[in-house]
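Presented below are the structures under discussion, each in the form of structure tokens.
One chain, chain A, links the two complexes that follow: it is found with chain B in the first and with chain C in the second.
Moving on to the complex of A and B:
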């Protein structure tokens, strides 16, 4: 430890610019690795989560990008007619969220309401940390069982009620907390798997046929945009498309299992490959620059190293000191990246951004820790390359010649 | 060149350092113009494009490292030149001129690439100012080696 302190303070820190150089290069390598790892992990999580759509007989609705929404044509009768047709001919998973309401809570966050039907709950439901699962055969006049996010559970424990004055069915609603979602419960966007919505400050309301029939046109139309049809066929889908076109004037596309697979494989796999290759190339460039920086350091500090070798320092001890020094720099960098990420996550709490507010150890969630792990792995590889090239350079110069420099 | 502190390898190293910084800026400018369909790629690149100036400025540190190590290695040479009649002022001026010449040629090369790709020529001009500042600061370092 004494010799380590001596070499760091008397040799490395005397030429601090070179140390800062390594630190900045490593910081950039870490940032690139962290960003890429998080993008890949997040997409992979999204892919795993939405795997259920890749089943035979499952079709996902998607508004054709060329179809213009004319609100003059769309009326409540039109949307109701579409839902009547859906109810009598299809099994469908309904989910829509993002309806903001003001519900008093200890963190003063705006609350997002999500609506899902029983099929959706079965297909892609949420895991609970407390309470019991939802039931869907309730009466609108009574208390509606709901699930809430972890952030609301302090104010509204299981069994308590929440009153909402303005609801999508045009009258006050009384919600009863049936269960609490697991910490950082999330859903990925169908069309951007790396983008997630967190439900720590959400209320999930179960919807049944009666609820949808009484609901406003907004929620009916929104629900239709991402509706998932189950156990159906191309012919039945074609009929539904016609019904939607006739009643709402909108053209919808319905993607089948094969189309979904193709989409995932082409779109996401291709994007992930580009991210991986770009990251790899950038890491190679940064590693080369770091090696150059390390060799420059050896060139300038050769005399100091060789004097120490002359007076008894062994190459293996010098190697351990180099690894220790590099480990110290890597640790500072990983800590910086962690602080930067935690600060970003904390920013969502400061902005009261309920859909991105997350809980976690030191403000970091599981995905961040995994990305940090890949940063540590890349640091170990870069560290080995740098330290070994430094030692190779030192060993190339005879001690007597080095001392004379 | 005969009286310059620079050797051919130094010129090459400095050129590469400048090229890396200018190219990084160019690459990020290019990334801005990409019309990507994939949200995942857009989100990935946004992380870098949003901090473009910071990332490129941090990368310019490799030029500082170059100037520092170059002058450290030429310590004895500077002292010897002064011993045989050279002046610190002339050595510093020659050093600055050499650096600026390399910078000028690299900037010209990258400006041509910018022009070819249809990017704004001013987009990497701030790097020239940063590098000139580094050259001026490092030229002051030459004075330090007057007394070896």
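Moving on to the complex of A and C:
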């Protein structure tokens, strides 16, 4: 340890090119690896989650990009007519969220309300850590069973009630906590699979036909945007498109299983490949730069190494010192990335941003730890390449008195 | 007299992509404890290569080498490093200092590697070395702040700090003025006198060489060395 401390502090760190150069290059490599790994993991999670869309007979709604929304011609009767048609002719999964409401809680977070019907709950429901699953045959007048995020469970344990002034129905509602979602329960965005909404501070309200019939136009229209039709066909959907167009003046596309599948594969797999290849190329470039930097450093420090070797340093000890030094730099970088990421995650708590507030060891969630693991793996590979290159360079010019002349 | 070096080199080859150079062909050397030997010869004949072999720096040669009664060919690299640290002292040109360290840190460098096999070393030993060499005022200076003579004495101090049994001096006075040259040679011979340290000096300076017990004259392309016994 004494020798390591001496060589690092009195020799390595006195040569800025090795001390700072390797640190900066490795930091760059680590950050790229971390970002790419997290992005790939998050996209993969989203892909896994939305696999239910890729089933025979499933069609997902998507507002045509050329269709202009004119709220002046859209009325509550129009949206209700669409839902009447849906209720009579289709089995559909309804889900919408993002309705913010103030509910007292220990973390003083703004609460996001999510709405889902029974079909959606079956298709892509949430896993629970406490309580029981939702039931949908309730009356609006009574207590409505709800699921809540982990962040609310301290204030509202299973069985407790929450009273809210809710704009969707337009009257006070009494909610009864039926179950608590697993920590960091999330849903991925259909169109940006690496993007997620977390439900630690959400209340999920079950939607039944009565609820839809009493709901405001806002939620009805929002729900239509991502509505998923099940066990149906192109022909049946053509009629629905006409109904929507007649009542709302909007043109909707409904993508089939195959179209969705092709879309995901073409767009997201392609994106993943691009991220992976770009990261790989950047890592190779950075590794080459690091090796070059290390070799230049060796050339600058050859005299210093030779003197140390003459007075008792051995190649095996020097090898351990190099690996120790590289390990130390890698540890500092990984620690910096961890702190930076934890601080970002903590920022969501400071901003009271309910949709991104997450729980995790030292503030990091599972995906962050996996990404850090990939950073450590890449550091091990880069470290071996750099250290072995340095030793090769040093041994290429064997220690000799000639080096000092 | 006890024989401490018994070296027999069949050949030492330097290879490059374009050429191959063979030196020290059928060279042999025996040195007794406390002997002072000078190695002279033209540039490129293998003086420093010979010192590299004797100093356990270079093992890439065809031959046998017994040092202090032990065959060195089978020693592990870490053992070689330990021997270099404790049994051999290198006195080199004044430029052989690490510029980022103070003179004191440069001198104490061998102590860092002494490890478990460390000889008993007391602070007063260091004091006595630097007082004998007269470099106390420059201990906190960096090499670039010192004169050539001061640096040469610092290199000398580092070479003897572990009280080695053998001192290998490679052109120790090459770039020094007369006064400093005399100081270094006097210090070398003082070590020999007081501690019976074996001295092997590579030099171009025949006047200094002739003050040694033996002068070995290496000739280029020679198959064996030309040795001149002075005594």
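Observations on the structure shown:
Definition applied: the second predicted complex is superposed on the first by the 395 of 405 C-alpha atoms of A that agree within 3 Å, B and C clash if a C-alpha of one lies under 4 Å from a C-alpha of the other, contacts with A are read in each partner's own complex, and residues count from 1 in each chain.
Operating definition for what follows: a contact is a pair of C-beta atoms (placed from the backbone, for glycine too) under 8 Å apart; a residue touches a chain by one contact, two chains touch by 3 or more.
Computed from a predicted structure; not experimentally measured.
Per the definitions stated earlier, placing chain B and chain C onto a shared chain A by superposition produces no clash, and the two fit side by side. With both structures placed on the common chain, the touch criterion links A:395 to neither chain B nor chain C. After overlaying the two complexes on the shared chain, residue contacts for A:154 are found with neither chain B nor chain C. Contacts of A:192 after superposition: chain B is touched, whereas chain C is not reached. Of the two partner chains placed by superposition, A:351 touches none, neither chain B nor chain C. In the superposed model, A:5 lies in contact with neither chain B nor chain C. Geometry note, superposition on chain A: angle between chain B and chain C about the Cα centre of chain A is 40 degrees, to the nearest 10.
In the overlay built on the shared chain, the residue A:91 is in contact with neither chain B nor chain C. By the touch criterion defined above, A:299 lies against chain B but remains apart from chain C after alignment on the C-alpha atoms of chain A.
The gap separating chain B from chain C at its narrowest, counted between C-alpha atoms of the superposed chains, is 5 angstrom. Residues common to the contacts of chain A with chain B and with chain C across the two structures: 15. Across the complex, chain C is touched by residues 2-3, 6, 10-11, 14-15, 303-304, 307-317, 398-402, 404-405 of chain A. Residue ranges of chain A in contact with chain B, taken from their complex: 15, 17-18, 20-21, 24-25, 27-28, 35-36, 39, 43, 191-195, 267-268, 270-272, 274-275, 285, 289, 293, 296, 299-300. On the side of chain C, the complex with chain A involves touching residues 48-49, 51-52, 55, 57-58, 60, 77-78, 80-82, 84-86, 90, 92-93, 95-98, 100-101, 105, 109-110, 112-115, 158, 170-171.
Chain B contributes residues 20, 37-41, 43-44, 47-48, 55, 58-59, 61-62, 64-65, 68-69, 72-73 to its touches with chain A in the complex.
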